[in-house]
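A single structure is presented below for examination.
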Amino acid sequence: MKPRRQTAFSALSLIALVVFLATLPLWIDDYWVRVWTGVAMWAGLAASWNIIGGYAGYISFGQVAFFGIGAYATAILMQPGLDWNFFLTLPVGAVVAGVFALIVGWPTLRLRGAYFAIATWAMAEALAQIVNTVDFTGGSFGLSTPGNAETDFFYYAMLIASTVIYLLVFFLLERSRFGYKVKAVRDNEAAAQSLGINTTSVKLQAFVLSAALPAVLGGIDAYWITFINPQSVLAGDITDQMVVMSLVGGLGHLWGPAIGATVLYLASTWLNARFGSSTGYIAMIGALLALIVLFLPDGLVGLMPRARNMRLVRQMLRLPDKRTRAAGQSSGASGDRP
Amino acid sequence: MNALAIKDLKRSFGGIQAVAGVSFNVAVKEIVGIIGPNGSGKSTLFNLLSGTIPPSSGAISLLGKDITRQPAYKVARQGLGRTFQIPTPFINMTVRENLLAAAVEGEWRSARSRADEVLDALEISHIADDLAATLSGGQQRLLEFGRIQMRDPQIILLDEVTAGVNPRLRKIILARVRDLRERGKTFLVIEHDMELVRTICERIIVMDAGEIVFEGTFEEVARNERVIDAYLGRPET
Amino acid sequence: MVRVAMQLLVQTIIDGLLVGGLYVAISIGFSLAFGVLDVVDFAVGEWVMLGAFAGVASRAWLGIDPIAFLPVVFIIFASIGLLVAPLIYRVRTSRYARPALMALAFTFGIAMFARGVMLTGVGFDPRTVETHLVGGTLMIGGIHIPWLRLAGFIFAIVSTALFMGFLFFTRTGLAVRATAQNKRNASLMGIDVKRLSGLVYAIYAGLTAMAGVLIGAIYSFTAQVGPQYSLLAFFVVVMAGLGSVGGVLVAGLFLGMLQALVTVYVGADYTLAIVFGVLFLILLVSPQGVLRRGLAA
């Protein structure tokens, strides 16, 4: 039970954050608004990856496919001749991505995590190749979307979309019945089944959710950058970044992806401006991922003093834990963790 | 109507017959013990009953309903609960959250207060907010037992539930088992601890090499030559 | 007309088998590393890529023909593997949440790191490994068999045979197989699982890098080619079922043939989609090999 003072502090800082983000365009220039639009997008992308990777414990290496589906849905529907309203294209992308996730997830989620990782990776690469070849997606030439010079519009679009994502994650996964189901499946599937949980269905629901959300962000992105092709919206690098941002920030934690996305995206922007190339960024996030897994598996969130995850860090470092000693039992977990 | 009716259950892995034609019934409110040497097929039997693995042939019915070949979650929803030989707590959740997670497929609104009741009954309220990963082995078994209580199943399979548990916790578990039986639950218990078996089981089934070799009360089992040779061993003189 | 069509078919199949041999070489080490370390090494394609670049470097910097340089490549990359393996082992055996997936993420990280460093160092330009030791084409009944590809195939078969010989006829090999089957029992029998894991990973890295030199001689490559080969290795192992060495042989050759057939008869652009489609179907139908080990939650 949190003491009242801490709840007040959390609420206040949350309000401050909301005010800060909402009024951002008023006091920085266009360049930085664009940067923060990117931050908002990646924070949302990482959070959606976190649903299947962090909360459900199934690492997907194909999330970019859903981002790309959303981007292409919006781009295709906004082509001359179809001329859909931008906002109406977003749900279409989300539905298509969700259905795709259902089809791919159904056989693969029954298996071990490693197979799922491989299968999703293969799915994304295959999709990129198909999109590159087929006509109605513009093939390797890509598609253009109608121009819209309103930088602020896109900032708010991304911000609102990402905020909705975080609210969904909070209400669906942090506090709710569904959240307990997902986390139970993650922690021990056999035990979850013995408690009546249909684990395959739960995994599928989490996967579909994790697919529909980046599709919306992809749709906004397509409209924003006015030109998309498989390289820009279906590249494996996009999934890589989602994975690293979530892991660096904190897996299975509400704010982990946001922290990871902010830190890494700002770092990449700085690197790009400074050195003009993005390959150094790839090396950097690869190294960072390896180091985090080795030394800080809870991510940056684990550094926060009040994070519950701190207890796991303490256990790993074998620091004394006052609570278990007081109970008069010796501490120490048992059994293997496969 | 029997709580459990098992007919000619068989299960092989490759060339090995882990369960080679097992048939028995368990009446409602009975506490039946299953004993036998390692590798006799006891755990496989439990896995078959709980739906974790499908049988090669045979039939299982739970409270009159046929549950053969149903997946584990469906069997659980029909009213079967079980513990595992190696405790399987949800390690990234606290003790209380573990209990709440056990209630997801049932009454949710009362889950919190029921969890508090279970915590009290098992005398683990003081570690309610500790991560399950930091619990001792005995506490984890207790937690697993508590999780079953959250679901209120009619038939409960206990797989060596008191192995490595200190006497104090053992007494708590036994008391709860008796209490639950009074309320109409049926128990099927795998045990190696003969003292426990003698105290609590009304009927004992002895398994060896995938078959049932004897059925009876504790006294009958202890006297039976075949059981002694296969499993119990002769008393030191 | 039929004869020409037949000849094309046979040529395509032969081409496929030849390259399939190299896929086998990559996948065998990978499959065993998976069995012993219990980790999907996402860096398998990067070992191939790094090996290919080592082949380029051996000629460009040292003036040594890459094929002659193969044993050195093995030693270099086996040594690197020996350094990396303990880290993977440590992550995999930590008493932590989801160590299997954390270890996977770790290999993913080092793969990205390797790719990023190489991209920064050598750029995006495609290269080929040039060898003068092997060249020319063998002609058998109208079928072209480039010596280079045949050499690659022979290398694959020989190294696979040596590897199998090591596994089945030496005491260390027996220890490796025992560990791959059941790690806990193996360590209870006194096998130093950690040291063994390091050994297996080192051999696997060296072997895969050598295959990379040969692949680099046959196909042009860039620093970004890693993920492609990782995917191929994964496909082979998933199809073969874990731990099945014989299965890897069949699956690798099958993959090579499938790829060649698709390239010639459907179009190179569709190879990945079709490979994934086949992979997907296999997972749907779930042959026992994949499913049995796959359902451990």
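Each chain gets a letter, A, B and C, in the order it is written, and its residues are counted from 1.
Everything below uses one rule, namely that a contact is a pair of C-beta atoms (placed from the backbone, for glycine too) under 8 Å apart; a residue touches a chain by one contact, two chains touch by 3 or more.
Remember, predicted model here, so these are calculated numbers, not experimental data.
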>> Looking only at C-beta pair counts, which chain-chain interface has the most contacts?
In response: A-C
>> Let me spell it out: compute each chain's centre from its C-alpha atoms, then which one is farthest from subunit B's centre?
In response: C
> Per the centroid of Cα atoms for each chain, what is the distance between subunit A and subunit C, given in Å?
Replying inline: 31
>> Need the CA-centroid distance for the pair subunit B / subunit C, whole Å please.
In response: 46
>> What's the distance between the Cα centroids of subunit A and subunit B, rounded to whole Å?
In response: 40
>> Where in subunit A do residues touch at least two different other chains?
In response: 186-188, 190, 199, 312, 315, 333, 336-337
> What residues in subunit C touch two or more of the other chains?
Replying inline: 97
> For subunit B, what residues touch not just one other chain but two or more?
Replying inline: 91-92, 133
>> List the residues on subunit A that touch subunit C in their complex, please.
In response: 57, 59, 61, 104, 107-108, 110-115, 117-119, 121-123, 125-127, 129-130, 132-133, 186-190, 199, 236, 240, 243-244, 247, 277, 279-294, 297, 312, 315-316, 333, 336-338
> Can you list the subunit B residues touching subunit A in their complex?
Replying inline: 50-52, 71-73, 76-77, 81-82, 84, 86-93, 97, 100-102, 104-106, 108, 126-127, 130-131, 133-140, 144, 147, 151
> Which residues of subunit C touch subunit A in their complex?
Replying inline: 40, 87, 90-91, 94-106, 108-117, 119-120, 184, 227, 231, 234-235, 238, 267, 269-273, 275-277, 279-280, 283-284, 286, 290-291, 293-297
> Residues of subunit A touching subunit B in their complex?
Replying inline: 177, 180-181, 183-184, 186-188, 190-199, 252, 308, 311-312, 315, 321, 323-324, 326-327, 329-337
